[in-house]
Amino acid sequence: MTRGLGGGLFAFSYALLFFLFLFGPLIIMVITAFNSSAFPRVVPWECFTTDWFGVLVRNERLMSGLWTSLAIGVAVVAIAVPFGLAGALALADIGPRLRAGLYAVLITPILIPGVVLGISTIVFWSFVGRGVGASYDTVFYNGFFLTLLGQVAFIASYAMLVLNARLQRFDPTLTEAALDLGATPGQAFRRILLPFMKPALGSAAFITFLASFENYNTTVFTILSGNTFTTALASKVRLGTDPSLSALAVIIIAVTLIGAMVSEAHTRRQELLRSGKAGQSRFYANPLSRLLTHPGAVLVLLLGVTGFIAWSASRVDANVCRAAILQEKQQLQERLMQEQRNRIQQQAPAQPATPSPSNNPSPFGGAFNPNSLAPPVQPAPPAAPPPSNNPSPFGGAFNPNSLAPKQ
Amino acid sequence: MAALRQLWSTIADRHGLGVAVFIGVAVLFWVLVLIVLPQLAMFDVSLRHNLPRPEIGGPADVYTLKNYSYFLFGNGALNTLDIGVLVKTLIAAVIVTLLDIVICYPIAFILAHSATGVAARMMVIGLIVPFWINDILRAFAFRILFGATGVINGIGQALGLWSSPIDFIRADVALYAGLAYTYTLLMVFSIYNAVETLDRNQIEAARDMGASWWRVHWRVVLPVAKPGIASGATMVFMLTAGALAAPQILGGPSNLWFTQIIYQWFNDAGDWQRGSAYATILLVVCLAFVFLMMRVFKVSIGAIGR
Amino acid sequence: MNTRDVVLEHVSIRFGNYRAVENAHLSIRGGEFFSFLGPSGCGKTTLLRCISGFVQPSEGRVLIGGKDMRNVGPNKRPTALIFQNLALFPLLSVAENIAFPLEVRGVGRKERRKRADELLEMIALPGTGDKKVHELSGGQRQRVAIARALAAEPDILLLDEPLSALDLKLRQHMRTELRAIQQRVGLTFIYITHDQGEALTMSDQVAVMNAGVVEQVGDPQTIYNRPKTPFVASFVGETNAIPGAVMNQQGALVTLDTALGPLTGQSAGGRDYQAGERCTLFVRPEQLALADAPPATNAIAARRVNEEFEGSIRTLFLNANGVDLRLYRMNADASGPALAADGTASIWFRPEHATVLPADPSRSG
């Protein structure tokens, strides 16, 4: 094709490396979800288990956060998509001189750091709340409400971008034709423009929901004392990790892949049907195989396969293997202690008994109590006390009550 | 004002009064109540003292610059720590942005001009899937990868490249890699959108005239890709500088991101005023930096997000 | 007053400082096929959008059926516009497209379908109602657009270069068909085109526009044979332009002093010229003829430069004392007078076949 320009071997190997970079971390994370080791890791491999999925589901904080996130997500979609549509329509009809200005205004929320949006939202609404003399249990101090507003502020811009792209391909003479044929402007909008925007409205809804669900930077401020799925996840990761998070990643990746394949099946089918090539294909001639090309059938098929894999995996009992590992570890411990005893007996100077082969931290295995286990390389919380030569900018960071402004 | 009235009548004539009212109310509410007023409120609060609730609005509630002067001078001498963190954050964001440009430019070009049919579709899906996975989980994956007992250390030690585990987290390698990873999709699609418009004949003509491949990229492809690179770079820079989750999870214990300082003032110290001041500083510095860069590279804000 | 009459009263349309249409003043009788002919950018589409209600005149008024159309929206006017790109709704079926005007009026589903099928019958596309628009060919879409416009039961049908996207054969076929439909339904058709062939073959009346100004209104023969302005003379059909100065005038006949010697033509509209006035004489290539013997008037000695064979005719490219001329010869006339062996020829034209017009006012001031 464009040989010597990124075509051929170079393009292939570069793409391969690139996608290795993209998928490598995910694949490794997926593998750790099935290792019984209490710290997420691939080596040393202990036992195949699906128990981490159970641990995930039993995490009440995450699960209650999940419902909050879903509710917020739906509300954000309901507001951000119409706002985005309004923005896109305004951009389409505004004069060329003002368009650049309005575009800049509507795009800025994407550029504003999420942290700033979150802070400005709670500051503003508590300001308003104080102004109307509202108490702390009113809407102005409600994490759900504030998160909704804070997220809509920038997620509506995403919706606007998606809808704007579609709207630019709309032929405005279609609206004129409808008006000319006697439709009221409202009729033309409902019957001609909205149906044209439908696919983009769908993808805008999808993207806004995802953006809302994933958002951390803004939400961590606006949710106040509450929790969404993502903020709960973040505090779990910050405090220490176990492979139940990998299990979560497995679920999300599976859902994503299935969604991507179903949507791909949908677009392929639409294209074939539209181009009329479907009629020539033998695959479409047979009613049964034709049914198989329907995205719904693809979905059912994929769900079935996934379900079967999950079912058979859940039947693997890791207890025997785990007991063996435990025994192994105990034996290792025995042996080490034995060796130590021997050493102590041989050498006069007594040394503290610390069995620590460097490549295997925590040999005493968290197999007994995965949740309580701190990861071996857990970084100190970022809010670490500052170096002493500093005039303590974070002083009292851990003790909000005692904090008074330092002059 | 006249232009706004013109806009109003255009929309009302074309889509009807109901739609015009909807557009007017929605855009106004969005821009004013959700964006502009909150920023102003934040700026206002950043100029006040941190007072107990009963004293707010009272005689002690006066404007002050102390939150900003604190950022500059701390409790006396120059506040090297906070300023240092801000500068470090900006430099790191620039590094991550450059990294993403370098990684993503070839893939965007391949996607636009070399891959066809099924391969191109698979590439697009392959790009989107990692983006759908939660930010937190992406950072988590990099912690698994770069941890002391992680895969990288495992492989390195098994191959005998190094003997004791390297602390990639303390060295910020994990953080940079994780941030660069997170925003690849944004960069790829920004550049792709620009490069895709390039007529393949132009490349072939240049090749035909005997230009080497790097010269073709430098003289033909890169000028076309520039708005896309600018758009992607702006978004990646702003998102990286404003990132909070990745530094919290992947940042080393002694290394802070500026957003983390804001977070601490706000949530841990409960000092909204100082937190607001720091947030304002972050916003102004980042936007100023972006506009400066746009001026330097002669790109308009209209290129962003296309 | 006929409800299908359209009157433009001193209509001017401006966009900021740009004058799109300048003082258009004409009336179109009900049931007429009326064409606006002009090059692109001459303001004809703006004028059409003004009649259909998408653009408001800056000055003057538009009357339809005697009623002032100011502040009457496009959806309230008795007009239907066929857009240059047809503007068929891509997401609706053919029948839904045609029935759209009825749907927005609240006509029931069954009644709509019945009417759509009738119209499909009329445009000779029965049974295509359930197809999508993109499944039709260009000519079929054309007819669907006409059917949809007719379904709105307008008094006036406005057509904005609807044939420009079609290939030559189909375009010629659709000309005949459009004319036939117009005569069948008896509506006023206002047709916009830059193609003089379309305007001349289909229209009852033609208005030639240039740079926002209507230069001449008349039936096709008058427009072609008796152009009133240099622009009309040169835009409609091929012509030879020979500049000169007035020597004398005898009644309608004006004699010019030109580089080719004295030439006589007819004064446009019986206008009187003063001696010495700068003028241009226009004569059509088919009115120039080779002569056996030097004729008494309008004899030109020319030299052959080139020759093109175009099927039924042959074009001779000649030069006479620095002036380029074109001459059409029917190939059937091969036995007539011929060029001399050295390529020189004597050519002539009848004075009543040539038109004398004042030199382009933009040049002469």
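As written, the chains take the letters A, B and C, and residue 1 is the first residue of each chain.
As a convention for this text, a contact is a pair of C-beta atoms (placed from the backbone, for glycine too) under 8 Å apart; a residue touches a chain by one contact, two chains touch by 3 or more.
Just so it is clear, the structure is predicted and the values come from calculations on it, not from any experiment.
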Neighbours of subunit C that also touch subunit A are none
Using C-alpha atoms only, the most centrally placed chain is B
Greatest Cα-centre separation from subunit C belongs to chain A
Per the C-alpha means, the centres of subunit A and subunit C lie apart by a whole-Å value of 64
Cα centre of subunit A to Cα centre of subunit B, whole Å, reads 17
Cα centre of subunit B to Cα centre of subunit C, whole Å, reads 59
Multi-partner residues in subunit A (2 or more other chains touched) are 179, 184-185
Residues of subunit B that touch two or more other chains sit at 13
In subunit C, the residues touching two or more other chains are 73
Seen from subunit C, its contact residues with subunit A in the complex are 52-54, 73-75, 79-81, 83, 85, 87, 89-91, 100-101, 103-105, 134, 148-149, 151-152
Note: in the complex, subunit A contacts subunit C through residues 171, 173-174, 176-185, 187, 191-192, 195-196, 274
Note: in the complex, subunit A contacts subunit B through residues 1-2, 4-7, 11, 14-15, 18-19, 21-26, 28-29, 32, 39-43, 82-83, 85-87, 89-90, 93-95, 97-98, 100, 103-117, 119-121, 123-125, 127, 130, 149, 152-153, 156-157, 161, 172, 175, 179, 184-186, 188-189, 193, 210, 213-214, 216-217, 220-221, 230, 233-234, 237-238, 241, 245-246, 248-249, 252-253, 256-257, 260, 264, 358-361, 375-377, 379-384, 386-387, 390-391, 393-398, 400, 403, 405-407
